[in-house]
Structure formats: C-alpha cells, structure tokens
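Structure, as structure tokens:
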C-alpha cells in the first residue's frame, strides 16, 4: 500500500491551497460537494487528527447562479420568480423581501388584507421550512423516521399553499402591491384544521426526538457559539437566538402587520445545538399562534392594490428591506436609477453568515459533532451561493 | 454525584422507551401513501401547471388571444413564442391566407370582418423546458386568454416533447368536448 | 469408498449447505421485513410494486434487490489493494455461516453438538472485525479508513462485556455447550435465564447491537458522517456480502440471546424449532424497531457506554452470580 497516495492532497485548487500544517500525522478529508450531510453542494475541507477536526474550511460556489446579476438585466416583474429560488425552503420570505423592497422604494400602500395574507402564507412556509430542517437534521444524526413524520405535515401545508399560490416549493405569489390570488374560506378552514392538527404532533415530536436520551447527548453542549461570535460573523435567526440574543426582525423593526400580533421570540442562552434546535421547535408553535391570530382578524378588502403597477419603474434611489426568514435576516438592498430594472441588487443571505462561523466553531470537535453543528446551522446551499 | 448520574441514565432509558412507543403507535396507525397509478391526488385545484389557451366565447376552436405579445415580453425565461398573421384590409384576401385554412379557421374568419379585424394567431408555442411557472404571462394578458392547466402528469423522453404547441392543444380540447 | 469418509464430515458438509440456504433465506426475509417495518413505522407501505399482481405487497422485492446486486459491475478503485479488497467481503461472510453449525435449532436439530459451541461462536464472530478492517483499509478511501478504525475499537471494546455476561450464564450452567444451556432451562417463561439474569440480558442485547453494527451503534458505516464507512467503495456482490453478513450476524446474535436467556427451543405445546424461530424473529424485530427509532450515538459516547457502564455492570453481574452460586 502506497502511503503517499493515501495522504495525497494534490487535488484541485482548493485542496492544494489547503496545505497540511507542520504536523505530519494528520489527514486531509474532503467532505462534499457530494456528501450526505452537507445538504446539497457544500464542500468542506477538513484537516483531521484521528476523528478530531483541526481545521475546517467551507468551499462555496458550486451552485452560484448569479441571482444578483440576473436582477440587473431583468425588469422588476421578471425577477419575481427568482428570489424564491435562492432559498427554496422559505421561498415566500424571499419573494416578500423583493416585492417589499420595491414597494418601499416606490411608496406603494399595500392593502391590509394583502398584508395579512402575506403574513399567513409566509408563516405557513416558515413552518414547512423548519419541519424540513428538523427532519434533515435528525437524518444527519442518524435517525431516519422523523423526516417522514415531518414530511407528513409538510405535505399537508404544501397542499394548502398550492391551492392559493399555485406551487409547492418555489413560490411566486406576492406581487408589487399585494398578492396574486385572494384566499378563500376553504383556505381559512384548511389552515385552521392544520393548525389544530399540528399541536398534538409537536408533543409526538418531543416524545420521539427532543426528549430522546441519545439525541440530547448528541446536541447538548455541542457547537457552542457565544453571542459574541454570532455578532462577529453577523449570524442571525435561530442561530443568534439559540445563543441567547432575542433578535428577530419581526420584533426589532416590525414590517408589514407583525406589530399587531402577540407572539414570543424564543431564545435560549445555552448557545449549543440544543438551543438552536429548541428555538426552531418553539418558533413553529409561535408561527401557528401568529397564523391563528391573523385568521381571526383577517380584514376584508382588496388582495392587491387597485392600481398596482404592472411594470414598475421605481424612482432613482436606494432602499434596504430586511425581514425574518426561517434562517435569519433576509436583506434586499436595491439601487434603482429609475429604469425598468434595478441598477444593482444585493441579497443578504442569512445562511452565508451562519456558515462562516462554522470553521471557528468546528475546531477541535469530532467529525460527528461537526455534522451535528453543520445541521444545526440549517444551511440551504443555493441561498448561500445565490 | 453517582446517584445523579444513575438517575439521569434511568430517565434516559425511559425516554428511549417513550420513543419506541411513538414509533409503535405509528406502526399501527393507517398509512398515508397515495398509491399513484391506482389512485391520484385530488388536490390539483389551483395548481399552476403549464399554461394553455382559453377558447373564445363564440368559438371553442379559436383562442381569445389577440397576439399582443405581452406574455412574450414579460416571460422571464423567454419560453413563449407566438406568431400571428397581420389582418389584411379585404376579407377576400383573408380567406386566401397562406395557412392550411381548414374549415375551423374560415368559420372564424367569416364572423370576423364585422369588427376591426384583429390579428389571427397562427402558432403559440410554450417551451416548457425553460418555463419557471411564475404565472406572469397569465397575469399580464389583457384579454385573459391564458390559464394554467392542471396537467401534472407530464413525462417524456426528449426535450422536444416539452415544447408545447398550445394552439393544437386547444383544438384537441375543443374536439374532445364536442365528442 | 464412501465408508472412508467419516460420517461427521458428511454431516458437516450437508449441514453447511443447509446453513447457507438458511442464511440466504433469512437475508431475503429480513430485507423484506426490515423494509416493511420501516415503511409501516413511517406510515407508508414499504416495497409494494415489484412483481406481477399474483405477488402482492412487493414480496419479490428482495429478489429484485439481489438480482440488481448480482448484476452490478464489480469495481476496484484505483490504488486499492485488490487482493485484500476482495478478500474482505468473503472473510466477512464465511465465519457467519460457520457459526450456525453449532446452534441447536431444536431438540434434535443441530449439526454439531460440541462442548465449546459458545466459545466457537464468540471466536468466529470476532473475525468479522478483521474483515471490516481489511475492507476499510484496502479500499484506499479516507472514509473507509475512518470506518475501519471505528469498527476495530468498537468491536474490540464490546467483546469484553459480551464475554463477561456470557461467563455469568456459563457459571450458572457450568457448560459452554449450547444444547445443554438451552436444555437446562424449562419450558415455561419463568424458568428461562432472563429472569435469573435480567441485567445480563440487557447488556448482552446492547452488545449484540453494537457487535452487529446496528443502529444506534452503526458507526463504522454512519452514512451521514462517513458516507458509507468501510463499504464506501464496494459495489455489487462485494457490498452484498457485507450486507448478507450483517444480517447473518444479526441472526446469530438473536440465536445466542434466545439460547442463553430465552430458553432456546424450549417452550410449551409447539415443537421446539418453531419456538426457537419465533424467539429469534421477535428479537430481530426489536432490533429493526430500534433501528428505525433512534438517532446514532457519537463515537466517544459509544466507547463511554461500554467502558463506563457495560463493563462495570457486567463485572458486577458476574460477581453477584458467582456469589449466589457459591452460597
């Protein structure tokens, strides 16, 4: 057996740049882009000593699709389907960020009913996103069953959303000045039914997974991210809230009608994977609370502005709109020069910031823990690469 | 210390049993699978499939489309292409239009000359390979001549099979309705 | 001519063939069972479509799987040690078959009745560790290497409590002969050793899960960490051999548990063979059930469970047993 071949690191550009340290007994392990636990095409180069990780370096860009550049060559309505394709798990939030940024720049007044519809659908979408994360995370930890239970509920919510939005995953539902379809009584009834169905399911999830001894040992005190580290890297969303900072854009700078609802911002100061896990589990229940309140107080009226611009041409200027996605703060920085397409569009993807702290956190942990940490960050690679 | 650790372990073992109970309960409960070829899902209402042409009120063989090209212009992925025959001034010339001039079209044209003649749709092709199902074409249509089909059972072996000729699809639908 | 061959050899030869058939049959049943149980737990039907309508519920699925594996290209990765690479699956499957020779399936159904049956099984199952180690090492794959390393430390660590609890049963019965151990227990459940040695039963069961690399201890092949661990590079029959061996060792482990703690072929009314198979399959079902319920433990936790809990408890159990016997 040729030992040099085994330790051969002269792979591609990244592997060559990732030179081994002076220690001779380490191994360079290339995790991804095709690896079961990197969820898509994330690639991580690891230097390991036995099973302990000495260094980890994420390599990005395998699914870069120039979403920002695309905006510059498309008119505003043409870009509508794009944002949902960046983060396909919480597509409606991205869709919303785009339309809301344009609305803010143009000073459009969205009808109240449309805002309520947006809140309801976006929160439903948030639940599906968290459910999928939950299942996939448990898959990372080696349990196969939870993802099936998660998909049971997820499919039902997708059925509800499909009737209204027309799609199941990459939504293109919101329009400048409202939404593309009104919701009907059947939607309201089905959503209520689903909300009441979800509540006992959470207890089952808790019994099956959250309280499970093996799982607790796998996530408690694993991947501790102090709040300072989160601030340093700009991590937001459940990652930040799992570190004890109750920062949520819905509360910090309320957009739309979120200031009218009564909901909590769950946060845990354990800073570990369990904290992030519990934040997401609680968030699903808070989302259900929001949905039920919104359904109770759903106003009558238009679902889209009567004179919604078909071909918006925002005035010259720039605008920043941020909202809370399932993974954190989604930001749209739009610079317009008064033309029919943006001069420049900058997307702030929360996953990018959340991933960047991985290499600091994963130093000195086991491979299995690195997988657990990576899962607890809830990464969606197309969103990171954009 | 030892007592605490023992207690924790015992509680942990109990949690494992609780987990096994959950899976046991699910083992016994009914299945939720839809056995596809034998049963189909019924929740296709509102599904945004590929687009199709809406027949006009007078003639089910004729689309409402006025060939304004709005959909072609708005489509983000440029998957719609349509061609239309420019209306000529004289009705006589129209009947000699260079298309296949089957009886359907002549029937439509006989009614047309009363009003200011509108462009006649010659072909309407949606390249479904590129479609991103955003629905902008449907919304941009001034006459409501496009709608979503709920055609989810699409499968093919070549790309060419997904280049949909919507005009002939419309005529097929109309024929089916007649029969 | 035929008289020249000792009858013992003929019996062993015929027995080996029968055992091979049994192992193959078991694998087929277990593959189907595992997928069906998983399906039902997930509230889906599991394999359903394979085969013509006269074979409902996809009962031809295991055969289709087997055909697929047989038909696949055998692939040796570049730089791999091809001799060791292809030796490993064979080393993995061969001892598993030998183990069945000494197992008493019924009061009159045993190929070889030897006084060291238990020792023989423990010795032969240990070879599997070597096979997985070779597979991981020879496949020139870093994931395989880590999987092999994991497998060795796991296998070696869990042999210790396994042997200790086996010893406590052996001290009770005073024999390594599997037939005698089973025969020593009564027909009724309260006469089985599980009631004299409940702790030993639990420890043995956990060790059996770990030794057969079943979830929650399937670390050598942990698919979310090591893609597929030691068998990452194997295709076709190479993989099938490991797969077959895993199921064979599961059956062996269940057989030993059934013999040591559940009275083996002892049982009221029904003939012994059926009791034995029923017990084995209940244990296998529990193993499958556990697999589809729990997440995977981490590697250091796995060793901690062994060294900090199972070994002390096993020693304690052994001491108590000895004390009771001495009194």
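Every chain is named by a letter (A, B and C) in the order it is written, and numbering of its residues begins at 1.
By definition in this document, contacts are C-beta pairs under 8 Å (C-beta built on N, C-alpha and C of every residue); 3 or more make two chains touch, one makes a residue touch a chain.
Bear in mind that the values here come from a model prediction, so they are computed numbers and not experimental data.
The interface with the greater count of contacting C-beta pairs, when B-C is set against A-B, is A-B.
The chain with its Cα centre farthest from the Cα centre of subunit A is C. Central chain (C-alpha centroid nearest the global protein C-alpha centroid): A. Mean C-alpha positions place subunit A and subunit C at a centre distance of 43 Å. Chain centres here are Cα means. That of subunit B falls 54 Å from that of subunit C.
With centres set at the average Cα position, the gap from subunit A to subunit B is 29 Å. Counting partner chains per residue, subunit B has residues 16, 19, 22-23, 26, 32 touching two or more of them.
In subunit C, the positions touching at least two other chains are 41-44, 292-294.
The residues of subunit A that reach two or more other chains are 145, 149, 152, 208-209, 212, 214, listed in rising order. In the complex of the two chains, the subunit A residues touching subunit C come out as 1-2, 5-6, 27, 29-30, 35-37, 50-51, 138-145, 148-149, 152, 208-209, 212, 214-215, 217-218, 366-369, 371.
Residue ranges of subunit C in contact with subunit B, taken from their complex: 37, 40-45, 48, 289-290, 292-294, 309. Interface of subunit A with subunit B (complex): residues 74-75, 77-82, 85, 145, 149, 152, 159, 162-167, 170, 172, 175, 180-181, 204, 207-209, 211-214, 216, 310.
Of all residues in subunit C, those touching subunit A in their complex are 38, 41-44, 79, 81, 137-138, 140, 142-143, 145-146, 149-150, 215-216, 218, 222-227, 292-301. Of all residues in subunit B, only 11-13, 15-16, 18-19, 21-23, 26, 32, 43, 45-48, 74-76, 132-136, 139-140, 148 touch subunit A in the complex they form.
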